[in-house]
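Here come two complexes built around chain A, the first alongside chain B, the second alongside chain C.
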Partner chain A sequence: MATTVDVPARGAARSPVRARRLGTLALLLVLVAAAALASIAVGTRSIGVGDVWAALVDSSLGTEEAVIVRQLRVPRTVLGLMVGAALGLAGALMQGHTRNPLGDPGLLGVTAGASLAVVLAISALGITTPSGYVWFAFAGALTGTVLVYAIGSAGPGGATPVTLALAGAALSALLYALVRAILVSDQQTLDSFRFWVVGSLAGRDAGIAWQVAPFLAVGVLLALLNAPALNLLGLGEDVARGLGQRIWLARAVGLAAVTLLCGAATAACGPIAFVGLVVPHAVRALTGPDHRWLLPCSALAGAALLLVADVVGRVVARPGELQVGIVLALIGAPFFIALVRRRRTAGL
Partner chain B sequence: MSVAAPARPAGPGGAPRPPVRRGRAVRIGPVSALLRWRQLAVPAAGFAALVLVAALSMGRGDFPIGVGEVLRTLAGLGEGPQEFIVLELRAPRVVVGALVGLALGVSGALFQTFARNPLASPDTLGITTGASVGAVAAIVLSGSTSAGALLGGLGIPLAALLGALATGALLFGLTWRAGVDGYRLVLVGIALWSVGTALTDWLLTNAEIYDAASAYVWITGSLNARTWSDALPLTVAVVVLLPLALAASRVLTLLQFGDDTARGLGVRLAGAQTAVVLLAVGLVAFAVSAAGPITFVALVVPQIAVRLAGGARPPLLASGVLGALLVVGADLVTRTLLPQALPVGILTAAIGAPYLLWLLVRGRRRSTV
Partner chain C sequence: MTELLPRARPDAISEERVRLAAEHVRLAYDEQVVVDDLDLELTEGSFTAIVGPNGCGKSTLLKALGRLLRPTSGQVLLDGRAIARTPTREVAKVLGLLPQTPVAPEGLTVGDLVARGRHPHQNWLRQWSRDDEAVVAEALSWTSMSELADRPVDALSGGQRQRAWISMALAQGTDLLLLDEPTTYLDLSHQIDVLDLVGRLHAERGRTVVVVLHDLNLAARYAQRLVAMKDGALVASGTPAEVLTEQLLADVFELEARVITDPVAGSPMVVPVRRLR
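This part shows the complex of A and B:
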């Protein structure tokens, strides 16, 4: 596969690319802001923009609308922003490290580990609330990733993209087999699990966002630090090593970031595969393969996408709502296919 | 995904490894081929093991029959009740299992070679997911809506077949732009997979829990209560498509080198790509329709096969034979060793995945397709 490498040429040749990247960044920032506003204003109960504004600026306002905005919609929007950004970022990192277009954060065993832990929590301990799942899901995600990395790097060649991807796929297969073994024989657990596995922002209280925030912050920091190294790794391990890159360190930092970001996101909202899988491809078509731009833009795009999907899910099925994971795939996939067909997507 | 590997990887101590024997050329008249004994020995050994495991499996049950007796019955020398038990009750299940494993293994090898990506398989590209949507809709909606009743009337296997073929057609149609680019195939496949997963999850969350539970068993993949009528469409599909797939083997080898090189070597690219994708979709659609999406066989088995048989890409025949062996073996384990009979789809992953992990840890291959 031809890898397009963006040569950072100085001078005139650089400016159109740079202008386009800045434009993309600005556009994404506007999108995120608009999506956040929509997410606060739109819901089962329609609240005017004026009331929303009043509730936000005046924290002593006690009307029903103000309480809804402050206690339900704002926390939900904040959680959506955090989780969407984390998933977009983790997806871009994962595709960069495995150099595989099928690389989604779940590939590393995060989703499978979290799923197994949640199923065990439901079936063995009888826990059935989203805030009860958080720590189990997080512990499961961590365990899954560490195992994948240990197995993927245990072979004689160390952790190469192919061994990592295959170790992740194989370990996920094994963990899902255990999940299924429990679920096919335990209807009660399936009844709770089927709602978790869809992925949703609904019914998460404000505490969940605070619980996962520190992990996300560290994850974002590590991810952004990892960007230059990822650019070099994209040239191939041998070249990267020749250019003075410590391969194992770059991989360890990147995978730690993926684990923290994706583990925390999955813990908070359940598995949402689409964002991490698709957002980086779409963003790469706009920014090119330079990870210093790709990573932040993927985070913004992920946040905007998740919020928009959540708003749509609230609107289309009033007075109930459609889970965000389902909306994402149903509206996101056609756009993604159109993008893949129209543009030459940048290779990894 | 091709990852650059050094021409001759250094051994553990940095010393160059002894040159690998690449097999010997055999020439018969104008035809010549490279004979690699491992690529013949692995399918042969796999087939022998398959026959043994299948005979063992047909002998196990409430009425145990010895392996020798089973083989004699299969050869047409059986009598009375044993003949009925082996040929009518137990053989269909084993035959369906073997054919499903064969079809999934070959289909996975085709996809992985074509997309040059070890993660490409009918599971990750959405085709089995499409089958799941069809089948789950037939199970869940049959009681509630008129369209659902229509689907339910088709029966689960037909609904699954339609789901898989429709997804395959979408995959092909949406990827096609004066040819089927492997990279675009993968990206479109991702999108279709996520739509299929979302639809399945949505159907499951909206279903009555009893329907959801039976749909979940179907999604896992099961060989319970299969009869000869389940085996028939699959048999026809395999008999027609497998020889075509094996015949495409040479073209696949050339496609490996990249589109430009393949074209330069005289491959008619668009036609070859179309043929490979259609063969892979056809095989997997009939397999899923017969037994449900027995997960991960198509993903894991070709990678196991290429590590055992060697070569530059997952070998078709070895993938098929090992897939059949895995499914039949897993079925035997669920029926005999486990205290509670689990759907075979759980055991295929539980046996196949650790084996691949072990091969990865131990293996010397630095990279592979």
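This part shows the complex of A and C:
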């Protein structure tokens, strides 16, 4: 029997939702482009848009501006885009999997694991450059997550979002205690570590972006593949299984994606809070709870937010600069409070 | 009339054919055994209500029938095949289920909820299609939810919300449908509304329906077959008139009651007298 049935009613009825989602996507693309441009143009030394363009299109241009743009500003901007997108995406994944509005990628022990590894690398091995301890940070992030998962799945019910969050909180507390124990007894390590731990895009050479890029790429791919499963998990595990979703598979893919994204971002720039927490909330208000839209839009919004915060940090403290992690905490906290006051955030 | 929603045609229904069966099933949470050595057969096109006092294991049994809970011994068979060894997605194409009071994420629209019912029929190569679109539209219209397709589920009344979920199960296009207390928290007129809808799914769409119900009178009115459980065991099974006897009410529900004939539907109707001790 032919299935040529006209269904104009539903197609037409859905268009406002679709239009708003497309509008959100377009708006975010413009924001990211504007933020990237600002990040290249604005700094201790402001460079005009014309000079930026000239430096980008003509790689043989040898002016001082051109060298700054190509060797400092562009790598920093690329790193900011990558890390911001990773954190926004990881936050949306965590909130989707835990169905907890306070879900944050740091919950899984990623940040604590990375912190301890970096402290050990500095104090025991004397490594002090970001490109030197990026692998330690990454290994620490992975170890932290694996430990949290092992502890969280030890109970009779296996790994659930609640046991994982509890295990993450407990293990993080332990790891941070170890970090503090080392720092308190070692002044030199403290000096190096405090630059890593505030979270910054400064002083990272272009090599770092390339080192973490493959992990971020796999993480992004896994995250996007996870979107339909997250939509089903949002209806509860029983309904998701009833609709043919294998729960363990969805959880494993999501967990791997969060670990890769958050671990790589933390390894590259140090722990950066608030992006993963705030961005998915703001985006959800625009796109609704469909993860096929929420995830990519959170990545874009995360990238834009991180770059804007980085630019603000360069402007407010001239001729020095404020680290992006500090700026984000300063603008992120009031923003989040305003969001909570305006909107009911319960019941994901 | 198009038949986009897959259904077993009434003339093709073989009432002898067993679709879903439990064989010597033992169900337990951790060490605590809830259901022990239970046998049950559900034939094609039947409408069965599982009744019993609180904690008798009826919802647990429904979970096992829907592959949400794996029996510690015995097995559940779907079309003669062990359901535990059938891939989740294959099961989801044949068997749909609605848990008690399911929750939707804030802001999810009715249209998007119903669309998610198409998940078992999609994969990475075959995403949203015109067929899916048509099935969802028909599921919405069949449950009178078309007008509300753009409303968030959390903004609906309890009765409308239950209709939206049933619409999702309908869009899933399964022959079998398991519902766990679909009338919980609804007032009487919405209970009737929801059960009328389920009854039409059975009568007009040929769905095989299993529903856990608390209200014995409604169960007797809508279902062809009642299954009564107590303490994890099946104590009676048959037509409502066969099962709902004064003796059974005393044994299973510890209730002294008269059973009269429902003046509207002609089914047995329970009039409680007092609780037995």
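Keep this in mind: the second predicted complex is superposed on the first by the 332 of 348 C-alpha atoms of A that agree within 3 Å, B and C clash if a C-alpha of one lies under 4 Å from a C-alpha of the other, contacts with A are read in each partner's own complex, and residues count from 1 in each chain.
We adopt the following convention: contacts are C-beta pairs under 8 Å (C-beta built on N, C-alpha and C of every residue); 3 or more make two chains touch, one makes a residue touch a chain.
Not measured: the values here are computed from a predicted model.
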{"item": "Partner chain(s) touched by A:185 [first = chain B, second = chain C, both, neither]", "value": "first"}
{"item": "Which of chain B and chain C A:231 touches, first, second, both or neither", "value": "second"}
{"item": "Which superposed partner A:124 touches (first chain B, second chain C, both, neither)", "value": "neither"}
{"item": "Chain B versus chain C as contact partner of A:156, first or second or both or neither", "value": "both"}
{"item": "First, second, both or neither for A:166, with chain B first and chain C second", "value": "first"}
{"item": "Comparison of chain B and chain C by chain A residues contacted", "value": "B"}
{"item": "Partner chain(s) touched by A:316 [first = chain B, second = chain C, both, neither]", "value": "neither"}
{"item": "Partner chain(s) touched by A:34 [first = chain B, second = chain C, both, neither]", "value": "neither"}
{"item": "Touching partner for A:102 - first (chain B), second (chain C), both, neither", "value": "first"}
{"item": "Chain B and chain C footprints on chain A, overlapping residues", "value": "1, 99, 156, 236, 238, 347"}
{"item": "For the chain A and chain C complex, residues of the former touching the latter", "value": "1, 3, 5, 7, 9-11, 13-14, 16-17, 99, 156, 228, 231-232, 234-236, 238-239, 241-246, 284, 288-290, 344, 346-348"}
{"item": "Residues on chain A engaged by chain B in the complex (per definition of touch)", "value": "1, 99-103, 107, 151-152, 154-157, 160-163, 165-167, 169-171, 173-174, 176-178, 180-181, 183-185, 187, 190-191, 194-195, 197-198, 236, 238, 273-274, 277-278, 281, 322-323, 325-326, 328-330, 332-334, 336-337, 340-341, 345, 347"}
{"item": "Interfacial residue positions of chain B with respect to chain A in the complex", "value": "1-4, 6, 9, 12, 116-120, 124, 174, 177, 183-184, 186-188, 190-192, 194-195, 197-199, 201-202, 204-205, 209-210, 212-213, 216-217, 220, 295-296, 299-300, 303, 340, 342-343, 345-347, 349-350, 352-354, 356-357, 360-368"}
{"item": "Partner chain A, residues of chain C touching it in the complex", "value": "2-4, 30, 63, 66-68, 88-93, 95-99, 102-109, 111-113, 116-117, 119-120, 122, 130-131, 133-134, 136-138, 140, 146, 149-150, 154, 172"}
